[in-house]
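Once you scroll down, you'll see the structures, which are given as structure tokens.
Presented sequentially are two complexes of chain A, the first with chain B as partner and the second with chain C.
Our next item is the complex of A and B:
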């Protein structure tokens, strides 16, 4: 069962991946096939597992103290563009153009 | 024309009142230099991990209990993915599968026909309360075609309270949110000040004909006050009715409320239906809560949250406080409603009652009619009142002892508002407002008045 072009296009929009060529799509197909093997196991009435540690995996609760922050300079060193002490980003989400308007190998499918 | 039934549901985000953030140790504070309250985790730098803040869990449990919810002893964290500049990780940690509290209710009161004397109680079901992260703040700089991002708010703890679509108009939505606000402030779990973004409300609105299925709903955002909430909801209901009666259709879209124009407009930057690709948060195990029965014997108590312990320490909720005021002081329910609606007014009232012999039923009139209307006229809070409870009590004592008349008392009060530091007694003496007790003196004055108004006296005697 092949993954449809609509789903591939949807994935490219959602995750901003680029399947690039038929090899990329084939790799995806194989990954789905591999993962689908999980469906062969009957898990009726079995609670999903959160961790192999089961109830030994304890959530640590931190006290409500201020212990971090105050490192504006360091954080802004990672910014490609900054203005005063703000990170600068494009004006809004620039959506990926629709399938018909993109130069993508998916067009031919 | 067939009648329309409007249906209103609410999603409310309340910022948790805590020193540090939900999953990191950076400070929670309004208005600080940009990006100064940001830890490496908040900035989503690789290699950082979330560590849950105990205080945030307690706040959510308190709120769940106050809203009559079932507290889930095991709740889970999930990732909700979407791209936005103020969400550096590309996902928000939330509780989508199993939230911390479910199936509660909130009772609120409404005045019928705008008259305080006729109040009706309504209930809205609480679907759930979940813990989640707040995002950073985007400042849109349209002139330079860019967005400035401040991550101070990124990672602050939120309680999302989901109210079922049990409301039917702006007034009900506003009243429900107001009551929730009072509850949160009483609990201290959130300061819930809308103007500072500590309480954000999104409304889900649809209309349908009786007997038919629910209509398509729209989501209304960008509502900045309780007053605007009522306006936004009512506008959207009207817009949908008009659209449908003109043969149009309602799109399942997100709209923003424009407070200047008093209308809702489609929101930009919303590309079709979002697919959030929810997945379990792999870095956090389930959150386990205990009660007295299930309390583990040998665990470090700092690592244990006991629901019963929290329940026992809940303060009196607004509804209980109102009942107590009515019972203790013999005032009307609508009086207690107003007392609790103004920050500090109930305490002021009780303080005056303690310091005066005047009956509470009479004192309440001075509080609600004279004090409150003055404060409103001058946009003052109770705390800013130039007339303290002591001064008002002194004045009411003079009135109660019949040393002055009611009219004189109002004049003294008008003088007290000036806040010149004079006591009521001083003002009474200054303006010679004392009631005359001397019978002879009174007779002399009456006779003088009669003598001076001969014509009027004759008219009166003749009938």
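Our next item is the complex of A and C:
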């Protein structure tokens, strides 16, 4: 079954990337179809696997000691907009416009 | 060539110069995104000083290498072949890059790839596709239907495979002696097979990923591309080991090793997984695979057919897990701290959205959206968790086989030899990846080491490789078997005009085409 426009819109909001055109939406549909093949596999009683290294004690927490840092200058170098030691961002807490008000391909769906 | 450097028959600066000149004359391959000429020459000079003092840092001192452009390299642009990172100058070296430099290697430049390492052709980066050097080889030209007698380089060139195509092409065309790639679904082994070079995917957790711009955190590994198995062992020796900056590296001590020259294979058990006889496997490669199995059998090894029943679901599982992790990993690109930033100023969210709209290509955007879909609350169990369960089944398949006494698995690496570019782009990235990764993906799923060894030339005069998959952290055994096999098959050296022109003994001679 096809993905609803509401879900597509929701995805655009979550991912902050756009589908751009019908090809983009088709791509998602095909991806879902492809992934549905997983349902053929019997996974009763199988635990999900997070990491292939789960048997080894390597995913550890280290001591909370400062071992490096003081590289403010290097880190700011790659930012386009900055002021003193701050990254400058446009005003926050403003949600993306709703579907009807946004310039998006999904408007036509 | 390392011996040559030690004996003074050639100097690091000479070697570096020759590589740089060759890079320029093979520019049409589009293997390099950035050539770090000045810094490379400086490194070569420093190496020369060390040799003069009789204090080289090791086998790698003065050896020119190339690095895939998704590894951070201090002071050198790192783009991941994406608009999102164009102009991004890394403030630090990836651990593997640092290790190579600490061993005295000379970093020639950054190689081309599919955008953010997503793809199996090295055709989807913003800097254009990479051309397989074998397209211009005497061996390929002899076998292809003569189209025109001109030296037209625009004719049917073939792809390198991906996503580490640039690195594979660089090693294959002799512009460097080794290169770093990355391997998440086969991205090092696939182009290695198509370009006729050795491509090693180490065990997950052996080599640090710090500084490798991540695609799938639970499967990525740095990959090693070289012209012979011994070289791969040398490189592995300098790169493997625990890194406190990457908590997914194992803590065990790693001891670099030299590969023994195996003469007796009678104690070896080679497994042939029957599911790897995948639909679409060319009859040529099937025959080669069979011949290889016989080779081992005739030499006294135990060759058994084994079963990895969940193989065909590996690619579906990968599709879900990869897109899910990508959705998360790509979230860091918002234009605020680094990389491309849109001029949109209305709000933070709209700036992020516009930046990402402008910076990512279709493939990346597609995967992010798919990944987000699979991670939605209503889909999480059905897709993501399900895929994680299937992953365990796949990993267990391998465990069972190795526990039954098999030492190493022998499989094909690719379904066929390299396709012509015009044919390859007929299908979209996702379809191609799903087709091409089928034989290489499972090793990433289970975290196992795997290596492509160039085996023979196809009917069309293009390289075909076979893959060996080993047990976790048993790289020594894996590479020893690979080396034995390499010796048996005597894969031919590429005959390239450009290389011949610049050669005076250092490059073409097979022995010194490697550095160990």
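General observations
Quick note on the criterion: the second predicted complex is superposed on the first by the 97 of 109 C-alpha atoms of A that agree within 3 Å, B and C clash if a C-alpha of one lies under 4 Å from a C-alpha of the other, contacts with A are read in each partner's own complex, and residues count from 1 in each chain.
We adopt the following convention: a contact is a pair of C-beta atoms (placed from the backbone, for glycine too) under 8 Å apart; a residue touches a chain by one contact, two chains touch by 3 or more.
On a predicted model such as this, the values are computed, not experimentally measured, just so you know.
One of chain B and chain C touches more residues of chain A, and that partner is C.
When the two structures are aligned on the shared chain, A:59 is found in touch with chain B and with chain C. Once chain A of one complex is fitted onto chain A of the other, the partner contacts of A:27 are limited to chain C, with no touch recorded for chain B. With both structures placed on the common chain, the touch criterion links A:49 to chain C but leaves chain B unconnected. When the two structures are aligned on the shared chain, A:69 is found in touch with chain B, with no touch to chain C.
When both complexes are overlaid on chain A, the residue A:16 reaches chain B and chain C alike.
Looking at the shared chain after the overlay, A:91 reaches both chain B and chain C.
After overlaying the two complexes on the shared chain, residue contacts for A:83 are found with chain B alone; chain C is out of touch. Shared interface residues of chain A (contacting chain B in one complex, chain C in the other): 10, 14-16, 50-51, 53, 57-60, 62, 71, 75, 78, 87, 89-92, 95.
Those residues of chain C that touch chain A in the complex are listed here as 88-89, 91-92, 204-205, 218, 244, 247-251, 310, 313, 316-317, 319-320, 323, 327, 334-339, 341, 344-353, 356-357, 360, 362, 365-366, 368-370, 372-374, 376, 382-383, 385-393, 395, 428, 430, 434, 446-447, 472. Interface residues of chain B facing chain A in the complex, by the touch rule stated above, are 18-20, 24-27, 33-41, 43, 45, 51-57, 76, 81, 83-85, 138-142, 145-151, 268-269, 271, 275, 277, 280, 284-288, 302-303, 305.
Only residues 10, 14-16, 50-51, 53, 57-72, 75-76, 78, 83-93, 95 of chain A touch chain B when the two sit together in their complex. Looking at the complex, you find that chain A touches chain C at residues 3, 7, 10-12, 14-20, 23-24, 27-28, 30-32, 34-35, 37-41, 43, 46-53, 56-60, 62, 71, 74-75, 77-81, 87, 89-92, 94-97.
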